[in-house]
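Sharing a structure here in structure tokens format.
Should a chain be cited, it is by its letter among A, B, C, D, E and F, assigned in written order, with residues numbered from 1 in that chain.
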Amino acid sequence: MTKLIEYEHSSEEVRAIYDDIRATRKTDEINNFWKAIANHPPTLQRTWQAVKEVMTSPGEIDPLMRELIYIAVSVTNGCEYCIASHTAAAYSKGMSDQMFGELMAIAATANMTNRLANGYRIPVDERFKT
Amino acid sequence: MTKLIEYEHSSEEVRAIYDDIRATRKTDEINNFWKAIANHPPTLQRTWQAVKEVMTSPGEIDPLMRELIYIAVSVTNGCEYCIASHTAAAYSKGMSDQMFGELMAIAATANMTNRLANGYRIPVDERFKT
Amino acid sequence: MTKLIEYEHSSEEVRAIYDDIRATRKTDEINNFWKAIANHPPTLQRTWQAVKEVMTSPGEIDPLMRELIYIAVSVTNGCEYCIASHTAAAYSKGMSDQMFGELMAIAATANMTNRLANGYRIPVDERFKT
Amino acid sequence: MTKLIEYEHSSEEVRAIYDDIRATRKTDEINNFWKAIANHPPTLQRTWQAVKEVMTSPGEIDPLMRELIYIAVSVTNGCEYCIASHTAAAYSKGMSDQMFGELMAIAATANMTNRLANGYRIPVDERFKT
Amino acid sequence: MTKLIEYEHSSEEVRAIYDDIRATRKTDEINNFWKAIANHPPTLQRTWQAVKEVMTSPGEIDPLMRELIYIAVSVTNGCEYCIASHTAAAYSKGMSDQMFGELMAIAATANMTNRLANGYRIPVDERFKT
Amino acid sequence: MTKLIEYEHSSEEVRAIYDDIRATRKTDEINNFWKAIANHPPTLQRTWQAVKEVMTSPGEIDPLMRELIYIAVSVTNGCEYCIASHTAAAYSKGMSDQMFGELMAIAATANMTNRLANGYRIPVDERFKT
């Protein structure tokens, strides 16, 4: 198990990122994910930058829908940590139980049809190629 | 390669489903996906029923967002056919190029963090367990 | 693209394995798979040994069912080459179109429920743990 | 963790499905899987219908072999819940320890050759394309 | 298929990144990968930054070994484009045919044992937990 | 959970392999992985043979780098057991914390770009095809 780097014991470099995480997320809590990857500061820095930009910068997909997409990927990959943390994030951004149910149904159905497309070796329709 | 069952040569059972696909989608075109799985009518019947319910029945996630979730799963699984067909569907439902770019960014970032969570063997935070 | 090592141009070491493949499979044809991995003879040797033992040695699962299991894995991984070659092998061992349809239905359904189990983070029932 | 919907506290709609599960499986036990997805009744309904049809309706692949295929997919996806529950189901349908060993060997070998086919970028043999 | 953004038709923002790619890689060629993701400049910018840092910044894993690791991941995911481009990159950095063969053998074996570990549901040894 | 076959209770056939594992690894400890797959001696025999050859025979990729490649695959597949055991093995062969950080960064970045390549359906550059 990876050692978790607590705020109190972090280097200046790591602490600056932790401060940005706290400010961006408006909470003092720092998830274990960040405390773990802080063992390699360039990875912490780059990953936080990416997640911050992708999940919080202005855009055409609203923040809740971004979380749903994140969960769909994590469910497909079977990443327990990511499913748990992004499901919590989605609920905090307004996901209802009904939406979670619909999300699971879509993700499950896509995984099913993905395999049918593989197995039947279906040629892509000409009109989808352009 | 799987033989594609054309409308003209389909059994009564298959044709009834093709007719429902046409009516639901408001187009005479039937995607190769359905023509391929029509080789096993119970799979055609069950899969169409699932896709129809999950993608078109009333719900809290809007139809375009459902397509984005479908694409995110298909990209994660590397299903070429499904990426092509659902990207076309998403554009027809109003996806902009900007939204597609954001979607790719979210899916790619989730795939990245999923692996960091695996590799660092990060314990799920207590507050995410409930 | 990998250079394919043809029988005529193969080293003595590779040729001995090709001869065993031909004898075991009762055909002169050697699939591109073997011709490709023959670029690294230890991999050819080890892989052929494994496939031969696992797919043809006496056992409780009959040869056709072994092919179905192989296809189910390949469909799940989206391996185009393996789906094509093992589907051909399964047909040559007696798979009917109906069986292929059932196989696809099982593989697709398993992929669907696998994701539901992930997403709902379902605790394993006590009676399944022993 | 998802709340499990117990039989006693289920809605009429969910209870009808639970009753069908009990009758079909000839046991009062309902797996956590169903109790979890019962949080979204349409998913419970659709998933049970699919699993029931695919795993228990008459067909050319016998019930035990269907379980083996299910396990092979679940092992490939790394779905802990599904491996545990379907391994139990397979044992109850007559799987021997020897068969389980053979199944693991086939699934492992297929996963190995799938990656060799990817890495060597092997062109599909002409005779497998038809 | 995604439109590829050629250097000549790129915006100033994209061109600056293309120039950095050319300078870093010491070639005028720009891979289709960058030309495709240039459709969403923030993704181009962030992805190039990550790849540049991770693959070319000073570190303890030498540049050729980084390519081998990249290929192993891409082979596991079945990403045809990434296998092709990083195999070319690895050869240009000194990979021998022998090394490629060893790499495939390691990646294939790991994929095999990963599934055995899943299927046998093996408890992690106490001494690996710390 | 699979029964672990302890050295003391193993058959002669299994014990001979355990002895080779101990001799090759220069330790009396036998990992749970081997104790689990020993339930099917042919799988134990074949898997140990493959792992021994691939990970310890002379070659152009050094033993530590082989472990890093193994970890990258296991992280991509999300195999908890394999990540734990091969991370321990890598540390025992000289992996530094810095190298582990770099490895995670490479594996995560490759998983990210693999999905971008899928989603943008990028045609392989002509010069990568030969």
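As a working rule, contacts are C-beta pairs under 8 Å (C-beta built on N, C-alpha and C of every residue); 3 or more make two chains touch, one makes a residue touch a chain.
Small disclaimer: the values here were computed from a predicted structure and weren't measured.
Common neighbours of chain A and chain D under the contact definition above: B, C, E, F. If you take chain C and chain F together, the chains in touch with both are A, B, D, E. Averaging C-alpha coordinates per chain and comparing to chain E, the farthest chain turns out to be D. As a whole-number value, the distance joining the C-alpha centres of chain B and chain F reads 34 Å. Chain D and chain F, compared by their mean Cα positions, are separated by 27 Å.
Here the CA centre of chain C is 20 Å from the CA centre of chain D.
Residue positions of chain C touching 2 or more other chains: 1, 37, 39, 42-43, 46-47, 50, 53, 76-80, 84, 98, 102-105, 107-109, 111-114, 116, 118, 120-121, 129. Contact residues of chain C toward chain D in the complex are 1-2, 29, 31-33, 36-37, 39, 43, 47, 50-51, 53-55, 59-61, 65-66, 68-70, 72-74, 76-77, 79-82, 84-85, 87-88, 96, 98-99, 102-103, 105-107, 109-114, 116-118, 120-125, 127-129.
Across the interface of their complex, chain E is touched by residues 37, 39-40, 42-43, 46-47, 77-79 of chain C. Across the complex, chain A meets chain E through its residues 1, 42, 46, 49-50, 53, 57, 129-130.
Remark: chain D residues 71, 75-76, 78, 80, 83-84, 103-104, 107-109, 111-116, 118-121 touch chain E in the complex. Those residues of chain F whose C-beta lies close enough to touch chain A in the complex are 78, 97-98, 100-102, 104-105, 108.
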